[in-house]
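This report concerns only the one structure given below.
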Amino acid sequence: MERLPVLDKGFIELEEWMGGDAAVVRAARICYQSVARSADADERLIRRELRREPKVNTIFEHAVLRWHIKCPIFVARQWHRHRIGSFNELSLRYCIAERAYYVPENEANLDEYRAHMEASFDLYERLVAAGWRRERARAVLGTGVYTEFIWTVNAWSFMNWLTKRLDKAAQWEHRQYARAAYRIWQGIMPITANAFYEAVLKPLGLEVEE
Amino acid sequence: MERLPVLDKGFIELEEWMGGDAAVVRAARICYQSVARSADADERLIRRELRREPKVNTIFEHAVLRWHIKCPIFVARQWHRHRIGSFNELSLRYCIAERAYYVPENEANLDEYRAHMEASFDLYERLVAAGWRRERARAVLGTGVYTEFIWTVNAWSFMNWLTKRLDKAAQWEHRQYARAAYRIWQGIMPITANAFYEAVLKPLGLEVEE
Amino acid sequence: MERLPVLDKGFIELEEWMGGDAAVVRAARICYQSVARSADADERLIRRELRREPKVNTIFEHAVLRWHIKCPIFVARQWHRHRIGSFNELSLRYCIAERAYYVPENEANLDEYRAHMEASFDLYERLVAAGWRRERARAVLGTGVYTEFIWTVNAWSFMNWLTKRLDKAAQWEHRQYARAAYRIWQGIMPITANAFYEAVLKPLGLEVEE
Amino acid sequence: MERLPVLDKGFIELEEWMGGDAAVVRAARICYQSVARSADADERLIRRELRREPKVNTIFEHAVLRWHIKCPIFVARQWHRHRIGSFNELSLRYCIAERAYYVPENEANLDEYRAHMEASFDLYERLVAAGWRRERARAVLGTGVYTEFIWTVNAWSFMNWLTKRLDKAAQWEHRQYARAAYRIWQGIMPITANAFYEAVLKPLGLEVEE
């Protein structure tokens, strides 16, 4: 499956998926016990469902995606607030933290920033060596440190995340993950992804390209 | 995919699934950043996770199943109370009800029962012909009438449903669906299914065979 | 607390609530660590949050309502599809069904309809007397029979239900419950209810009055 | 409402609640349409429901609690993984971080630890002064820094959190919050809290006192 790099050391990868556009159509057609009458009837059905208000969200929940993400902790904290979905993250209670932290571009004081982040890993290692439990020693590691998790989410909850994280008011770093995720998703659910862009993202002025 | 008949006119069919036992292992191993050291290490991991209390439920949520079910409305009503999962049901607001109703075995008054159910369909059709909306005319159809729906559910929520619906206190008709579902599930997630039987169902005295 | 009659024999009653408009403000202000600077600042805050897109739904989840509802089974079935909330319903596995069914106004064949519904209760009672379990005998009772349940729901999920059930495409009978609920809710969360009407319902063309 | 101090600078406070033991009884009795026949019948009902397996969780969901918590970020991150409930947290995108961080007792290198945490706040302030957005400058603040949030949760989900966070395998710091929360909860839902201790916590060997 496709993996896209995000930020300086992060990535997002689609590990597995189920259902896709076909599952959306399957779910809508069982309600009406209807059958497609022409080649593009399914496409029109999905477009119609995404345009109408209020939307019938359940039909989009039968398409499911599992992502693997590496991102700074401050991005992960926002991400984990999306409750409809399943997360499993590497635990710094059991693992030793990898020395990987986010370095933004084009900011002042970057040398000082880097020196501090390195110092925090040095201290972290000394504390662990001195007998601190890993779960406690991590207190010194900044939220710019990278973490990794997998995320299983249905297409409806995923679209909700996209709408919130592609928003101009969302944090720039998180937005980069949303854009990369949209690009990968478009490859496997093209009808829903394009209809969602036309019906929801574009009217809100949200862009999926840089 | 496999479809099993249940009751006199119902069925349960697995339409699609994702992840399986491998996704459970994937999710557990990202927490610990561990790798399998031997052939049966994954199997032992799943067994251990299902035995421990409290359980780490999230690792089972990355395995997802989509079922197609035909069952009496009174069974569907219980089923839809399980909130972690996605349902789409055929709608008697838009469709004309199929003349299919549940007839139990070995009960008294079955002729009278059948005659009444037939009469309710006759009346339903007369009401629709007389101009009642379908959504209103269905008021005369008993909860023994069959309905159909699709259900997308993760393995953790599915196991919760199994525990509740295999229970001796659960309605006999619902239990038949749970047993059929268990048998199909065992074919695609054998390690989790067997470990779940040993760690949860058996200690509760619940049986998956008639 | 207030109870409003709905349909011929149903009702909706607010049994208890928590938080109200104040909880919405409390939740929003903890994010920004802000304090109200003037008397109507809180009101403007709620209005602003309901107008913006995408909305920050979590701040509305700290206001919680418990309702008691009596409605036909076909309405309850739609209601229970709203998964963010808690339901407990009287169970026809344990209780004997009350002889109460919905009779619509201004329809043809109402005598025939009433006679059939009465006959279904007569048969139900004969089946129970003949030894059928209640949970099985209910198969003959139509979905027009009244049921009762309590529903605890946060204000965000409640607003989602209102949007879907006040819709012109929603079933007329369900819409009557949504309108009655809105009227009661307006009495206890006036700022949120009015702002919701202005920001969401009115632009969709949905009316809360007959 | 009661506030208890936890760790060196944290606390947990119950801000508001609804329903309590009475709501549990209310929800159970609507299922059976039953009434209490004696003074302690309600207490026995709650005890019975918590002892049986599988439990009828919905009846405990009509009791709702709103907590205000101040805890280290590493504790908050675990807390926010509990998805059935509503969180609003102070945002370091909008607010300037308060110079408050967790200092464990009885560990080696505490002077060095404190010096590093102070240095991280010094750097944070320099970065903000140099034009970094707050949301980005927070990358240098360790997960031992205190945060604040409110949490609205029903009693069932709260009991699930207690079971997981009172566990001996849970992080010690998180366990202190669970113990304090249990003590406060016991004051407002004594029947459920005591029955839960007897039926669930004690058999698992979990202690609510130090």
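Read from first to last, the chains carry the letters A, B, C and D; within each, the first residue is number 1.
FYI, a residue touches a chain if its C-beta (ideal position, glycine included) is under 8 Å from a C-beta of that chain, and two chains touch if they have at least 3 such contacts.
All values reported here derive from a predicted model rather than from experimental measurement.
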Out of A-D, C-D or A-C, which pair touches the same way B-C does, with over half the contact pairs the same? A-D
Relative to chain D, which chain's C-alpha centre is the most remote? B
Taking each chain's centre as its mean C-alpha position, how far apart are chain B and chain D in Å? 34
Inter-chain centre distance, chain A versus chain D - centres from mean C-alpha coordinates, in Å: 27
Residues of chain B that contact two or more other chains, please. 58, 81, 87
Contact footprint of chain A on chain B as seen in their complex: 15-19, 23, 26-28, 30-33, 58-59, 61-62, 64, 66, 86-91, 94-95, 148-150, 152, 154
Per the touch rule, the chain A residues reaching chain C in their complex are 53-54, 58, 81, 160, 163-164, 167, 204
Chain D residues touching chain A - in the complex, by the definition given at the top: 72-74, 77, 80-81, 83-84, 87, 93, 101-102, 104, 107-109, 112-113, 116-117, 119-120, 123, 126-127, 130-132, 135-136, 138-144, 171, 173
